[in-house]
């Protein structure tokens, strides 16, 4: 309320600062504090409980010597790249279709969004059935007479991660679509009018005018998808359990398994420190470019 | 809502009136399936009969799900009254950190050292001579489950040992039957290997490898046989395309597969499908070679609390859990074996009786949980998952890696 | 036929007229007749066409095809939830049930056992609502104010805090489990509803703040400056300009939070006690039992039942999405 009374320059932003207190506390205490804590304990041999028994880089040596961890990273890279690209492209295309002043928009939007309401555990279970060669799609196609048809992504170590991708995309694209739709709804109507008058084809308007205007939404969507990718765990557990063998392991699962199944907290902290380090390496330069202080 | 609350209040008031020293005791556990819940109900009934009140805190999923919850509650300074935990090595740290209650007085008073059989169960509750947990049942893993009809239909004798079973495999395959059903989850493949090891190399070898971490033995000729058998098992189960152990059991029940190596809990599935032990299906403890039983099982721990009333109730619960009547009622429902040798189990079925006999003869081994740390066990798990899913990995390679793991294990 | 879509939009457009702006002279939403004209033109401003035009066939054809793909798993779940266990054991997952039974639904809602308590999902329902409502409201309020401050009222260091927050979005929850136990214990909120609400607010904050910040940043600066010239301050601009203009993004935030918090299991059990356990504890116990017979039909029924609350929110929020069109008029 003070800001409304045109205060002096030095506390011009007083309300904004007060309003940002929860954010500052969260950032500094929870995230920075929690991260420092994690990094410190990654140098210990903590097992069931966090303990200050420092062992240097032992946990990291073991981490990088583990074939499970290396496979996890490879899977994350494949899953991440495809998931990011497909979710963005499909999400945007669907939003653009829904934004064509169509009938039954509510119905279509709800159908595309409903998977997001279901937990990953069940998403994984349902897709595990559909992709099961003995009673899912392969079975149906074979029983229709095409005996040699093979579609068993979850049982083939080489392609299992793509089987997970199918379910992952099914779950998340609806939300991305909604986010894009919100962005499209925020686009000024005059833009469309102007581009129509200039005779610019619709696809060009989308590609060169609308998408650049929706930059913020795209960044939000990318962060949303990417943070989901890094944390993907439940889906894998429900759909493949990391199998066949260890062919669909992911880093988050490695962390959880180390912390709570092997009861080796130190190893779990080391793995999550590596994950965080990767994120920091990617996010910090981006954040620097993005918030380099050019606006205002 | 309000009416409901009033009703609750009234019931509580009533309870308070009947039992002057009624204390609510929150008990966490991960027994949530039908049979398990029925078994827990027996415990609760017995506990409530003492005038206290069992407050149930069931969380499904042992390792990744329930454990962080229990540890958070205990370290968060707001512990539950009692909690199920894998006994053995896993709770060691909580005990060392002084977070668990010492039950030695109650154990001496109840003469647990005498009544608990086999005594190794109590050993894994003991740290520096003090007792910290109550073992409540025995689950065994060393079983081969066979569908009799599958063998008879194909003109084969129902095998009585692993070797006979392996010999019958080619004929079964010709008939389009998967000889060995196996789920893809990591622990199942490790279980199969441990069972093969115990059965083919003998219980002593098992204890030396897992207990004493004898790497020389792990790399010996003797053990090479076990790894060859594991390779055979891999070959026999190559068409088994399921995840869960119960899905694999269903394959045996429906005759799609001939057999499965699995713990005694598989029996519940056969019972639900109305099959009769000895007639429709056969169970071979120790794969019919070395008839031994692993004495893993479940145990309850009691976190340290300040409230004297809760401490009192904890002691009461510990006593109740080991009472003969509770043991019988609980284990019949659970399908496991009692931890007391002096109780009568007439209602047990054919397979359970086999188990009891072996127990009575003292042919027991300790479970890997009791012998090896969870961390090392997970590494062993990972190895066997890899082995069972990578047909190109030879038995020799697996043995070499296994030997390295054993050498580093703690 | 050609008129119908527009009429439908129109009626919704009227219903969804923003009311929060009333009283603010400079920012009053467009009058209805004006709005009607705008809506008639549509975003791409095409002329009305016959329904079976090439464009419509492509648009509806694609949407129907995609919808079928999206509905396939739901179909499998519903069909499975209506079958008995023997049928599931032998049957084909796509086949309709031979004998329809609602028993799995009844069981999932009111009979499935969680340990000793055999009252199904119904047990945790009110707890879930009790957790959901304050958590969603608090997290959205805080995050939208954060986003607004970051987009329009920057101060020294604000971007640094924000960057830290974004990195925080990538931390796996389980890693933070124990540190947060310790923090909550130290401030004396461990095991309470308040503590849980705070935890949900904290973990929702990174993504939501980003969402609001980027959306508010796309609001034309002229509007903001005009309001400043009129003497409006931080809160007044927030409530009278930003909030009414950003309904679709509030809907997205709500979808995110309602779903996330409603489906949360881990925080619900780790930071509270059994008398506050959310419904997902029962769902986990039904779906996730490690031993014993898996009742797939009950699993599926339980999942669909649990999903009903977020689904209802999605349905209701649809109206607000349409309102976004009306909000677009304000910017013109």
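First chain written, first letter: the chains are A, B and C, and each begins at residue 1.
To be clear about the criterion, a contact is a pair of C-beta atoms (placed from the backbone, for glycine too) under 8 Å apart; a residue touches a chain by one contact, two chains touch by 3 or more.
Note that the structure is predicted; figures quoted are calculated from it, not measured.
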{"item": "Winner on C-beta contact pairs when B-C is weighed against A-B", "value": "B-C"}
{"item": "Most distant chain from chain B, judged by the mean position of its C-alpha atoms", "value": "C"}
{"item": "Chain centroid nearest the full-protein CA centroid", "value": "A"}
{"item": "Gap in Å, rounded to a whole number, between the CA centres of chain C and chain A", "value": "16"}
{"item": "Interchain centroid distance [CA atoms averaged], chain B/chain C, Å", "value": "41"}
{"item": "Centre-to-centre distance between chain B and chain A (centres being mean Cα positions), rounded to whole Å", "value": "37"}
{"item": "Chain A residues counted as touching two or more neighbouring chains", "value": "256, 259-260"}
{"item": "Contacts with two or more other chains, residues of chain C listed in rising order", "value": "174, 178, 284, 287-288"}
{"item": "Two or more partner chains touched - positions in chain B", "value": "68, 71, 75"}
{"item": "Sites on chain C touched by chain A in the complex", "value": "4-6, 8-9, 38, 41-45, 55, 59-60, 62-63, 66-67, 69-74, 76-77, 91-94, 142, 145-146, 148-150, 153-155, 158-159, 161-176, 178-180, 183, 201-202, 205-207, 209-211, 213-215, 217-218, 220, 231-236, 246, 248-249, 251-252, 255-256, 259, 263, 265, 280, 283-284, 287-288, 299-300, 303, 306-307, 310-311, 314-315, 318, 321-322, 324-325, 327-329, 331-332"}
{"item": "Chain C-touching residues of chain A, taken from the complex the two chains share", "value": "1-6, 13, 15-17, 19-20, 22-24, 26-35, 37-38, 50, 94, 97-103, 105-106, 108-119, 121-123, 125-127, 129-130, 135-136, 139-140, 170, 174-175, 178-179, 181-190, 192-193, 196, 202, 205, 213-217, 219-220, 223-224, 226-227, 230-231, 233, 252, 255-256, 259-260, 268-269, 272, 275-276, 279-280, 283-284, 287, 291, 293, 295-296"}
{"item": "Chain C residues within the chain B interface of the complex", "value": "89-90, 113-118, 126, 174, 177-178, 181-182, 184-185, 190-191, 266, 269-271, 273-274, 277, 281, 284-294"}
{"item": "Footprint of chain B on chain A - complex, ascending", "value": "47-49, 67-68, 128, 132-134, 152, 155, 157, 237, 240-247, 256-264, 267"}
{"item": "Chain B - residues contacting chain A, complex", "value": "63-64, 67-68, 71, 75, 90-94, 97, 184-186, 241, 243, 373-375, 377-379, 382, 385-386, 388-390"}
